[in-house]
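So, here's a batch of structures to check.
Both complexes below contain chain A, partnered by chain B and then by chain C.
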Partner chain A sequence: MNALLPDIATILPTLLGGLQISLTLTFFSLLFGLPFGMLFSFGVTADNKIFRYISVFFVEVGRGAPALVLLQLMYYGLPNVQITLTSLVSACLALVWTTAAYTAELIRGGIQSVPHGEIEGSDALGMSVRDRLRFIVIPQGMRIALPSLMGFAVLLFQATSLAYTVAVPELMSQAYSTGSSTFKYLPAFIAAGLLYAAISIPATWLSVLTEKRLSRHL
Partner chain B sequence: MQMLQAIAVGLPLTILVTILALAIGTVLAIPLVAGLRSGNRLVWLLTRGTIDLLRGIPPVVWLFILYYGVSIGALRMSALQAAVIGLGLVAAAYLAEIFRGAIGSVHQGQWEASSALGFRTGTAWGRVIGPQAWRTAIPAYTTYGIGLLKDSSIASTIGVAEIVFMSNQYARQSGEGILVFFIAAGIYILLSMPLGMLSRHLDTKMRKAVAR
Partner chain C sequence: MSHTAPTKIRNVVQVRNLAKAYGDNVVLRDVSLSVPEGSVTAMIGPSGAGKSTVLRCMNLLEKPDSGEIEIDGHVINARKKISPKNLAALRRSAGMVFQHFNLFPHMTVLRNISLPQERILGRSRDEANTKTMELLTRMGLGDKADHYPARCSGGQQQRIAIARALALGPRVMLFDEPTSALDPEVGVEVLEVMKELASEGMTMVVVTHEMGFAANVSNELVVMADGCIIESGDPRQIMSDPQHERTRRFLRAVLER
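Entry: the complex of A and B
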């Protein structure tokens, strides 16, 4: 037990490279996932049937299926249809899907809570639909959705730990290989856990703080 | 058909892991809520720290710590034990937050009325505050339960033979990955749909009972 702390201290720095990959994976999933989330948030209520069905499919499967299943689907499944991707790209695709599906609902919630008077106001001013979305509805809706989107980003960062199952050399897989080569499983996983916590706990505080700041005038 | 059978073999363990983890989480959430409501600053800080740590570390890390790291003498946990305890601990932290919010939403006047009627603390909790808080908590509680059903798939990483584990095995031997995992996804969606409907039904029923 008393050998645990020095072990953790020696393993911790060797895992930083893995943490970097985890963070990169989170960043790209958000970068590509959020625009799709926005698109689907309009898609699920769109008049165009094809657009609506496609959006509902991606949102329902993305939210209904575990991220782990999507990861394996992309990694083991896509080669069936003659698409072979590197593990990092396929993990990214799966997490983009998850991100788009969850954020679609969060963004839709934000946009629906924009007061109706705002829309009537922009109508009265003779704004086109595009201008109304761009200047009135989306900025206010995103502001309302921001804290929950930040909360989701933390969960997404944690979900990148599942990418180790498809051989992405991120934090969890680095900890596992350290553990299996030295048989120091416990310190390796505790070190990984501490690194995850060091990012996600302050990030959670930040999202709570943002929520408080944004609801100050309410 | 053969594929569906191969995957469905994992169904009982998926349900077992979900139910046991939810049960452990619900029971352990109660002392955590008590800690969060405690007037003692030190107790509050310790509880807050525990909850933040449980939620700040991904479930898969907890499962690995318990499965590979913890040994009592020569005894190691089985994969199922590690999965249920690990997911249960994480669930306790999330459920504690849900319960805390629900208890906080019960109007202060209900406490005052209970003490005015001379109820003991136990009676006030059991008869007045508890039932009202539970009503508020139900939608969030079932939502978390559905989330836990999906999180139970993480148990496959340490070798619990649930749906994802069986799908993985079948995908490897048959080479039909895309179909296998779509079916697995479909099973999770089918499982969570009745839970979602139950949650909405309970919610509207409870709302009717409260709204007068």
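Entry: the complex of A and C
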């Protein structure tokens, strides 16, 4: 028991490689997920039927199905239809889908809370629909959605631990393999937990701070 | 005016047989109105009369069910398809000022006024900023250019909104209760600016509860009730000798307040 602290201290540095993979996975999921989230946020209320149906499908399935199910589907399911992806790519695809689905709703919420008066203001000036979106609706909608998007990013970072089920060597699987090879499960998982927290907690603070900063002009 | 000798004064705004309903609620019935160049038309009437709706139909913020709107030669007929180009031209000819200013809170005062000039008139940023500063200075707000709207008082925000509309060089300015959200002392600043605009010859349509402004600044008073114009003409004439019982009741209510 009294070896716990030194054990954590020795295991922790060996997990940093895993942390890096977790962060990379988070980064690429956001990089590709957010643009799709933005697209679907308009898609779910679009007049164009095909665009709307596709958007609703991706948003509903992405939110309805657990990320774990999407992940298993990409890795173990797709080979049944002759599509074989590496574990990293399938994990990334699943998390991109989840990200797009959740952020679509967050962005839509932000966009819908842009006060109607400002939209009328830009209409009365004679601004085009495109300019209205570009200069008024999207900047403000994103600003309103930003704190909750940052909150989502923290959850996504934690959700990358699911990728251990498809053998991506991220933080969780590194901790697991250290545990199973040394039987020091407790210090290994504590070390992993500390590393997740070391990223998540400051990131959460940052989102709160952002929220405060952004409400300055309102 | 039409039955006297032909004059050179032309109408900047003509509204013909405007009608609009929200479901079963008929809000406008056959409203027609002409606004001669350089004149100020004040519009009064009880709440729900349809004053805002007439004004909002003029620049198509609200789509009328039938009727025709002509502003500075741009004609829009409610029953025909409205081309985006025609709509843009009409809106460019009409500047609108709202009760709640409707400024863009995420932009500085300067950007609020310059951005529409760049996007709608195609001015360069320098040209737009020069025009903006000229207008702000005229409004006594030269020092506010780099502030965000939320840091300005209500009266300042409304003057900024007026400057934003003026910067596009409209042929007519439409005001929907521009002082109703302001304290009386602050409202005076805005009324002063409007009075100055009128004296410079700007054509204006003003929905207002400010009877002083209606009596002293406007050339024409339009009284609305239940979706109709029930009376219109010389402001002082109507105020001292209203022809319609509904007008009498409304004026009594306003003046007794």
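The criterion applied here is as follows: the second predicted complex is superposed on the first by the 215 of 218 C-alpha atoms of A that agree within 3 Å, B and C clash if a C-alpha of one lies under 4 Å from a C-alpha of the other, contacts with A are read in each partner's own complex, and residues count from 1 in each chain.
Rule of thumb we're sticking to: a contact is a pair of C-beta atoms (placed from the backbone, for glycine too) under 8 Å apart; a residue touches a chain by one contact, two chains touch by 3 or more.
Computed from a prediction, not measured in an experiment: that's the story for all the values here.
Asker: Kindly say whether there is room for both chain B and chain C on chain A in the superposition, answering fit or clash.
Answerer: When both complexes are placed onto chain A, chain B and chain C end up side by side without any clash.
Asker: Using centres of C-alpha atoms, tell me the angle at chain A that chain B and chain C span after the overlay, to the nearest 10°.
Answerer: For this superposition the angle at chain A equals 100 degrees.
Asker: Pick one for A:P139: touches chain B only (first), chain C only (second), both, or neither.
Answerer: In the superposition, A:P139 touches chain C alone.
Asker: Is A:P35 contacted by the first partner chain B, the second partner chain C, both or neither?
Answerer: neither
Asker: Applying the touch criterion given at the start, work out whether A:T204 contacts chain B, chain C, both or neither, answering first, second, both or neither.
Answerer: first
Asker: Touch check for A:L78: first (chain B), second (chain C), both, or neither?
Answerer: first
Asker: State whether A:G117 touches chain B only (first), chain C only (second), both chains, or neither.
Answerer: It touches chain C, and chain B stays clear.
Asker: Going by the contact rule stated at the top, is it chain B or chain C that touches a larger number of residues on chain A?
Answerer: Tallying touched residues of chain A, the top partner is B.
Asker: Is A:Q158 touching the first partner chain B, the second partner chain C, both, or neither of them?
Answerer: Only chain B; A:Q158 stays clear of chain C.
Asker: Tell me the contact category for A:V69 with respect to chain B and chain C: first, second, both or neither.
Answerer: After superposition on chain A, A:V69 lies in contact with chain B alone.
Asker: Please give the least Cα distance, whole angstrom, that chain B and chain C reach in the superposed model.
Answerer: Minimum over all C-alpha pairs of chain B and chain C: 26 Å.
Asker: Flag every residue of chain A that touches chain B in the complex, lowest number first.
Answerer: Interface residues on chain A, with respect to chain B: 60-61, 64-70, 72-73, 76-81, 158-159, 161-162, 164-165, 172, 175-176, 179, 185-186, 189-190, 192-193, 196-197, 200-201, 204.
Asker: What residues of chain C sit close enough to touch chain A in their complex?
Answerer: Per the touch definition, chain C meets chain A at residues 59, 61, 84, 87-88, 91-92, 94-96, 98, 100, 102-106, 115-116, 119-120, 148-151, 161, 164-165, 168.
Asker: Show which residues of chain A lie in contact with chain C when the two form their complex.
Answerer: 117-118, 120-128, 131, 135-136, 139-140, 143, 217-218
Asker: So in the complex, which bits of chain B are touching chain A?
Answerer: Within the complex, chain B contacts chain A at residues 52-53, 55-62, 64-65, 68-70, 150-151, 153-154, 156-157, 164, 167-168, 171-172, 175-182, 184-185, 188-189, 192.
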